[in-house]
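So the structure is just underneath, and the comments pick up after that.
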Amino acid sequence: MCRLLAWNGAPRYLEDLVFVPEHSLVHQCRNALICKTPINADGFGMAWYSDRPEPCLYKDTHPAWSDPNLAQISRHTKTGLFLAHVRASTGTATSRNNCHPFASGKWSFMHNGQAGGHMKFRKRLDTMIPDAFYNHRLGGTESEAIFLIALGLGLDADPIGAVAGAVQQVEAVSRENGTTPHMRFGACWSDGTRLYAARYASDRHAPSLYYRVYKEGVIVTSEPLDSDTGSWIEVQQNRALVVEGGEVMDLPFASAMAA
Amino acid sequence: MCRLLAWNGAPRYLEDLVFVPEHSLVHQCRNALICKTPINADGFGMAWYSDRPEPCLYKDTHPAWSDPNLAQISRHTKTGLFLAHVRASTGTATSRNNCHPFASGKWSFMHNGQAGGHMKFRKRLDTMIPDAFYNHRLGGTESEAIFLIALGLGLDADPIGAVAGAVQQVEAVSRENGTTPHMRFGACWSDGTRLYAARYASDRHAPSLYYRVYKEGVIVTSEPLDSDTGSWIEVQQNRALVVEGGEVMDLPFASAMAA
Amino acid sequence: MCRLLAWNGAPRYLEDLVFVPEHSLVHQCRNALICKTPINADGFGMAWYSDRPEPCLYKDTHPAWSDPNLAQISRHTKTGLFLAHVRASTGTATSRNNCHPFASGKWSFMHNGQAGGHMKFRKRLDTMIPDAFYNHRLGGTESEAIFLIALGLGLDADPIGAVAGAVQQVEAVSRENGTTPHMRFGACWSDGTRLYAARYASDRHAPSLYYRVYKEGVIVTSEPLDSDTGSWIEVQQNRALVVEGGEVMDLPFASAMAA
Amino acid sequence: MCRLLAWNGAPRYLEDLVFVPEHSLVHQCRNALICKTPINADGFGMAWYSDRPEPCLYKDTHPAWSDPNLAQISRHTKTGLFLAHVRASTGTATSRNNCHPFASGKWSFMHNGQAGGHMKFRKRLDTMIPDAFYNHRLGGTESEAIFLIALGLGLDADPIGAVAGAVQQVEAVSRENGTTPHMRFGACWSDGTRLYAARYASDRHAPSLYYRVYKEGVIVTSEPLDSDTGSWIEVQQNRALVVEGGEVMDLPFASAMAA
């Protein structure tokens, strides 16, 4: 499984969270504590928001720790809203187009999880992507498909419901054509203002997801970044978060799905 | 436009054709003489046949002339049948998955040309790829789509007719949804024994295609490799070649299409 | 020969100069007008200054036009001082470590030119690099050697004299051990506040170098970026520039050398 | 520490040893059993011998398991003599030029270990490389320096003594200018006919090194490739191997050093 980390708050250097802390994302590339895949070295990606409405995407297939450009940019770029991801492939090829986050217009999206057996129903997923967003289909992951399907379901109008609906649709395809687990889903997404996150699974084993509220902002992450574990709040299964202005709203995700 | 080169004959080092001659493929990367795009630096690829039935694929997004691994492998690998390609993108992203040749089982395929407006009908092309070959859809080019559609039309049974049929289908989609030129097609493909090639266009401007017969074998190429231009035979528009055992058969391609 | 471009003035997006104008640096990669090497595709680099004293370095071996990360970062990064470079190798390998700009502490440096026969006296150049800066010797170019030797000669105290001295030393080694032209030198360098540039050759053929003063700042470049050629001022051979606060000082470079 | 593997015997596919076995080199990239660095993902390299006297070098900075070209070439290339290496950096940058094996003329060389504090005496090592081999100095590792110094000491005439002498020289520099451990050395090298290996340390902790004799040839490796541990013979500290024609000679390495 992959590792992910997001920040919404006061502007700060990317490296403060990506490289520096005890269990920073780059550290997790080599030594993830909670998840089962010990190495996350099948690519890396970041999306951050600057003055423009759309995010800046930086993605590469090298391990995060060996990319000198990433170290430089993380050290020199300040932002109040960013998503970062390290990938451990569940079958799809290592290629920049399969690295998270994905982006379209103002939206960015990253995912840790899988839809069981997705290599068996890739074509089916592709047909579910609306025509208007098909030229954003650059890779072959089910994660990107969920994002593009959610865009078609109205991500702008209902940022949680649209993602829940897309997850539901893809889970249904896995139930029909795939294998268990039909859906494992830990994700963060953003429109450049709010940060959204959700934790869900078709069984009892949703990917881990935590957040922590600081005076300067909020971190959402697949794994606590330090050993002060009491300060990290675990997101419950089937729940979604909306992070804005230092506040975290905790909402149902599954019922959004039923809607 | 891209440049392509293929050999069928006695085993020889890849570098003999890819790096050495006056107008070798790597030289053409920088200075194509005939085609309109002067630089072909959006990736490189080779497929060659060894003892195994399926080809060995080597593809990368660096310019061919600056890839030290390519220089090494070309210098040390001998083969009697290979396809080599340098890419100049017509819109699709520079990524290894968009580099030619493409391969599936024993087949390899490379293409120089385009289906006009293919970014408008990518989804339509994807739905035309048979389910059985969909997991070979790794990139987003219309070239790869033509190859996978041809596999579905029975490339094994009718190597020229299946490609002609795929070209016809994709051209029809471009006529319906795309822009002119609806089809420009210069291609080589192989099953590991025979080398096939074809030259076709929906207008009068098919991509250039030449061949030359040597005592040791046959070269098919988008452009003569040396200034001995009298020895290079231009493939006529709407014609296909079958190269085997040092012999070249020149067959109609368009009528195969009508079949 | 390589192409280079630098800006000192009001903060602006990197892409405004690197991607957008008529003869932007990325355009020059494919179609340099003045220089003799038509393609500059052996790597790309940028150094820009943000809030930190040292520059941010982004360098890669892909052609500038095919690097999606470069396009993203150029579109989202604003800076008042940057150096950008596209490389056409004069013999040294294509590797990130041979891409310009080079950096050490607050200093950045990029170069267009060569010291004739430098492959014959690489070891000699290496021994001329002071111990204190040897761990900044990452590649094998004479350009990086000039920069590190200049650091040793006191770049902080005498930014033009130290570079002139280093050029003089390397030219002397080429006269002793190398080939003509012993020195071709067009370069820009910066401490994060001022932008320096110089044009010099051991013969009459110094690399081209121009600048243009706008209301918002100053561009220094190897080639005018637009067809309004009357607005671009050619730097004369053996002259150096100091750009600060929208002003350009034009100083002797050769006499600095004699100092 | 790095992992290494070499074969001398009947021609076989590279993938048979690099990808297939229980503890193949690519498997060791992710899960080394004996060594202390659990991940070896800072680059990969192979040198193999074909019809030409000099080896074919394939090296890249991606993790071995995510390089599709490596998988293809390993599957299609047969050779009777090859060296393969996965790198875990001990400080020097991740770059192709720092990946093993290194090659010069007919010789190839790869190393697992370090000279303590080599970043402090890089310049000193560079000055020890003979002029004649200086243009083969492409990276900054002490491993490459040992190889080039050994070439200068007469690798052709005394393949073990020259390497032992180079190790001794570099160890002496570390004793004078570096840190402990002054030398850890597990290495394989070849002239295209014989395979050489050695295990040495300035303390009691030489890098692990094993070999196994099969009917078809001999494997030398940093770690047994399967759980049949009784069949793997540990090379003793301060010993060298010469492998030729299915025979393994076990010789002193330290005394060669004194010579």
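Chains here go by letter, A, B, C and D, matching the order in which they are written, and residues are numbered from 1 within each.
Everything that follows uses one rule, which is that contacts are C-beta pairs under 8 Å (C-beta built on N, C-alpha and C of every residue); 3 or more make two chains touch, one makes a residue touch a chain.
All values reported here derive from a predicted model rather than from experimental measurement.
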Legend entry - Chains in simultaneous contact with chain A and chain C: B, D
Legend entry - Rotation in the CA alignment of chain B with chain D, degrees, nearest 5: 180
Legend entry - Distance between chain centroids, defined by C-alpha means - chain A, chain B (Å): 38
Legend entry - Residue list for chain D, restricted to those that touch at least two other chains: 68, 93, 96
Inset, instruction - In the complex, go through chain B and note every residue touching chain C. - result: 30-31, 38-39, 41-42, 61-63, 66, 68, 89, 93-94
Inset, instruction - Using the touch rule from the top, collect the residues of chain D that touch chain B in their complex. - result: 48, 50-52, 56-60, 68-69, 72-73, 75-78, 96
Legend entry - Parts of chain D lying in touch with chain C, wherever the complex brings them together: 93, 95-97, 119, 122-123, 126-127, 129, 131, 134-135, 137-138, 140
